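The letters A, B, C and D name the chains in turn, as written, and every chain counts its residues from 1.
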Amino acid sequence: MIVVMKMHASEAEIEGVLARIRELGFAPHLSRGQERTIIGLVGDDRQVADAGVLAALPGVAECIRVLKPFKLASRDFTPESTVVEVGEASNAVAVGARRIVIAAGPCAVESWEQLEEVAEAAKTVGVRLLRGGAFKPRTSPYSFQGLGEEGLKLLARVREVTGLPVVTEVMTPEAVPLVERYADCLQIGTRNMQNFNLLQACGRAKKPVLLKRGLAATIEEFLMAAEYILASGNRNVILCERGVRTFERATRNTLDLSAVPLLKQWSHLPVIVDPSHGTGMSSLVPPMARAAIACGADGLLIEVHPHPERALSDGPQSLTPKLLAETLVGVAAVATAVGRTL
Amino acid sequence: MIVVMKMHASEAEIEGVLARIRELGFAPHLSRGQERTIIGLVGDDRQVADAGVLAALPGVAECIRVLKPFKLASRDFTPESTVVEVGEASNAVAVGARRIVIAAGPCAVESWEQLEEVAEAAKTVGVRLLRGGAFKPRTSPYSFQGLGEEGLKLLARVREVTGLPVVTEVMTPEAVPLVERYADCLQIGTRNMQNFNLLQACGRAKKPVLLKRGLAATIEEFLMAAEYILASGNRNVILCERGVRTFERATRNTLDLSAVPLLKQWSHLPVIVDPSHGTGMSSLVPPMARAAIACGADGLLIEVHPHPERALSDGPQSLTPKLLAETLVGVAAVATAVGRTL
Amino acid sequence: MIVVMKMHASEAEIEGVLARIRELGFAPHLSRGQERTIIGLVGDDRQVADAGVLAALPGVAECIRVLKPFKLASRDFTPESTVVEVGEASNAVAVGARRIVIAAGPCAVESWEQLEEVAEAAKTVGVRLLRGGAFKPRTSPYSFQGLGEEGLKLLARVREVTGLPVVTEVMTPEAVPLVERYADCLQIGTRNMQNFNLLQACGRAKKPVLLKRGLAATIEEFLMAAEYILASGNRNVILCERGVRTFERATRNTLDLSAVPLLKQWSHLPVIVDPSHGTGMSSLVPPMARAAIACGADGLLIEVHPHPERALSDGPQSLTPKLLAETLVGVAAVATAVGRTL
Amino acid sequence: MIVVMKMHASEAEIEGVLARIRELGFAPHLSRGQERTIIGLVGDDRQVADAGVLAALPGVAECIRVLKPFKLASRDFTPESTVVEVGEASNAVAVGARRIVIAAGPCAVESWEQLEEVAEAAKTVGVRLLRGGAFKPRTSPYSFQGLGEEGLKLLARVREVTGLPVVTEVMTPEAVPLVERYADCLQIGTRNMQNFNLLQACGRAKKPVLLKRGLAATIEEFLMAAEYILASGNRNVILCERGVRTFERATRNTLDLSAVPLLKQWSHLPVIVDPSHGTGMSSLVPPMARAAIACGADGLLIEVHPHPERALSDGPQSLTPKLLAETLVGVAAVATAVGRTL
């Protein structure tokens, strides 16, 4: 951390900062400039991550953090890319390997018929993970909230039939054991990215975690959320870029694809992209799916519904199985172009 | 809801939309313009709030919601302003009445000494509610996470001494009964504004709820979160504007004070403002506290710490008791200017 | 346009709106719902685009525009994609055709040596348009502001040598004739996207215009800026997505690639992408260049400098000629994958 | 500036940075931490404000600026608050003094009758500056663009009648002499805040300048725009907060009132607030006008129209003269509460 003193900070104020830094167990490093005095703090200041500790001292103008606050998630400390295995050994899917992974399925599990139709169709066109919501976070209390445990059972049953490992959302810490019993991968939704108790509960789970970026989370905060899971003992975290909130409302969110290569630079964790929530429009899913792979994503999360116009949620952004098949043809071509396979 | 058809939508597509609207139990209302056909949906379409139901139909360009999606939170249906009572009858504090309410205290409860010093000082200068965190949501897993139940006990104890009702944060649905046992008002933090299970759990609680606006929540989403609590049975909800995330990083957040009069127009619920988190800088707290009252806030939530430079969190935005006293002098003058009292 | 009346709007208020609509020359279309009365306005309301005309009437809750406000830029009225020719007939480059176009060059023209070195190297690796700034908009008055007319002369001279048509920025209406004398394409920078006098001056020019999206411009506002140029008589407009401003500061801007397919849906104009300004980091330029082509961009605008660490501006986001060559190998592969060529 | 090296930066890379810093004329200040080497740059680095100069060197992770980039606008160098005089000596109005200043008038000058009616009414209720647009920046080329010079003449004529000095917008550098001939204060609109040629042209003018904050401008960029004017020779700059663009669309913009006290801390220039554009809704103007004064604004810019429902632009946010009178009663009370007068 670097402490920038105010322009006319007194000697006593400078001394106060030096003393506080020593008290915190660090060595201060003083540098007097023409206009400002700057004090560096030598050592691993991640424990003092809350920059406020020094910022509230008299005479301090600003505290600037120099080290990134995440460590377990950082590529600086784990240079080799992590590959996360999802599913039982026999049919496990490797996320983060050369072969890209398509996870697809309906926004919400509605019925056995709907789920099986989607799962079978998806498998045929190369989908390797099945996604589907049993517990649904909805903006309105009056909207369909998911089938709950019944939905989980349908997901487990369709896995029996298709062999596709299952990803589904968990919304509360106490539901983690239940969801873990049925699912192969626990999804943490965008609105829960900083639900710290949930992060820790998933960190204590045995199944891998698919962590979606928060609606207004910086890339650094996203990696700090992953750090919570990693620090709780679970090393199998998949990051998912799914669009952030900006002033632009023509699309449901603004898909921040630059985050993909940046996350890969900063972190060793695999990164996938959700172009369905990222755009909110089915016509934009195919081009953004291709773009995601072109810039280095390890996989895609795509909403599919046999009859989008009858979906209980997210119809406008869902592909039909037929459109999914067409989309994946384009994705496969781009995957080859960047030296990967589908 | 209004359905705007694409420019060259076919008759069959128009018929499809009309049929689907009737199937949903509504009467369609057709209007053929020069360029576009528009179809209105007559009736209370809040049940169909998920605009997607019609947007995924062939030939549809756009669906536009006309009614606001909240009802219990809306002033249209409850014209009279709600006053929320916090605390036992003997020392209850009315939020939303002519007399404005100051809630103050430390970001995190750190010790009995710290808490008592703040509480006594705060009470002296006109503070009527004590705030303090026992469970702390922190961006980093390595930061101080609060004292937990021990902190709740200290809060209850200081209430005994000072008579000030206590507001404190609850972070998970299962912790609601515990927190409710000690506190007079349950706070839902900004990162949990769309933690729907927590909203529902607080909706089933007997104590009032202080709901903070989410970091990137629109005013409509904020009121929908309140709607979740109201729809679960708890009519005592206090809204708290605490700053939103924007491109501007000179302040910790961007305090959206225009939300105060707008929330008062759209809703009957009381509205308070947190200038501490809203700005992140103690020097900005006094002017923004005055501004909040000037534009109609029913109260303020202010962070106070006896020694901000030693605070375990949020030091830079905490006032000393002395600065709080000065701040409230200014606030009282503005309160008088707008026909209210402190 | 649709006018939503307040819940308890009086008959007189409804009559007032109907009368005003008729006075404006439109036919009103009344629809009384259970809660609200809604009044449609039949006809081309783009002339009344300023929704305010009706919104300020008593009893009106909201005015909702139904038609997009742009017409000349709209694909609804010009279904076929526009191809813009840049340069003299002999060496003209077609932007918007199957073959994608790479425009590259230094942020600022600094000297003949720098410019020639970049231009020759760029041409060798498949660049077909040369970009370079003679007039530079800089945040600080103390930064290098460009060589001015001297820079224009160098650009024209390097075109003689290489045959590459030249794109360069024009910053004021009165400079348009000067820049037009030397350049083959006039660039309007992001900070000038709503400099309406400049848009009109470029609309009266004979050379094509490359219009960059404003820092905080919606896609609709972007197309309205293009509409200004088109309405002033110049039909040769190239749109350029170059990143928007969001809360994320890890990248210089947030490159909104979803805008590319959406602009292609809404408009017939060609769309290119600037991954250099979009990210601000040279290490992100290759992946985002590939992603831009994967989602349908017609070309790329890339900053190249022989010695980025000595550049007078934008060094951190500039590629060396060697890195540009490597980048274009990847771009060519993706172009092939999406059925295009480099 | 502080240069943070990458984790495993080589000695040669560190040497390269040290050499470049010396070459730029600064003394480097080396500090080797446990994980990272950090190099400070001692001296006034505002000339090297473009951090890129060092960021593109091999081995550099990040460059962090320590000094604010503005100097003439900074309170560090000009501790005393600036008071700007608008108008001829006889009827000059002091902006930035204890007495707050209300500038009001129509968004666009439409006719002599409209202008005179507003001006007379405004004067009666305590308005001391008349605002009105002759040149109007409009999002759509099909909207009313203002009366041009004819509007300027009407403004000058109404000043003769009322004695109120006149503020009006100038949109291009070449129009500055024309506008200066008629007006007492040149307004630079939000879309032109980074029209650097216009800033410089106004910097060479003799009349004071009212500079509106850009739609997506940080406070630092706002002050850098003021720095352009100051550096061109004009010391009479009034800053105007008018709302920024965020994800919230319930209000036209998000009025960033925290910017007011922060601008007053960082700069010596007077600060006024425009609650009309800041909110876009006339019902929010009175509360936000009070809030602006409560947090320290030196004045207000308010849109007034005799018949908002007939205004050619911005009707929904315009007050009638009667509402303006009521608003100013509330403003006056708050002004007194904060030790100022109207």
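As a working rule, a contact is a pair of C-beta atoms (placed from the backbone, for glycine too) under 8 Å apart; a residue touches a chain by one contact, two chains touch by 3 or more.
Note that the coordinates shown come from a computational prediction; the quantities given were computed from them, not determined experimentally.
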Most widely separated chain from chain A, with each centre as the mean of CA atoms: D
A-C compared against B-C, more contacting pairs: A-C
Intercentroid distance (Cα basis), chain C paired with chain A, Å: 31
Separation of chain C from chain D, taking each centre as the mean of its C-alpha atoms, in whole Å: 26
Mean-CA-position distance for chain C and chain B (Å): 39
Touching two or more other chains - residue numbers and ranges from chain B: 216, 245-247, 249
Residues of chain D defined as touching chain C within the complex: 20, 46-47, 49-53, 55-58, 69, 137-145, 171-174, 191-192, 194-197, 200, 215-216, 221, 224, 227-228, 231-232, 245, 282, 308-309, 311-318
Contact set on chain A toward chain D in their complex: 2, 4, 7, 29, 31, 33-36, 38, 40, 42-44, 62, 64, 66-67, 76, 216, 245-247, 249
Chain B to chain D touching residues, read off their complex: 216, 218-220, 244, 246-251, 254-262, 265, 278-279, 281, 283-284, 287-288, 290-296, 330, 333-334, 336-338
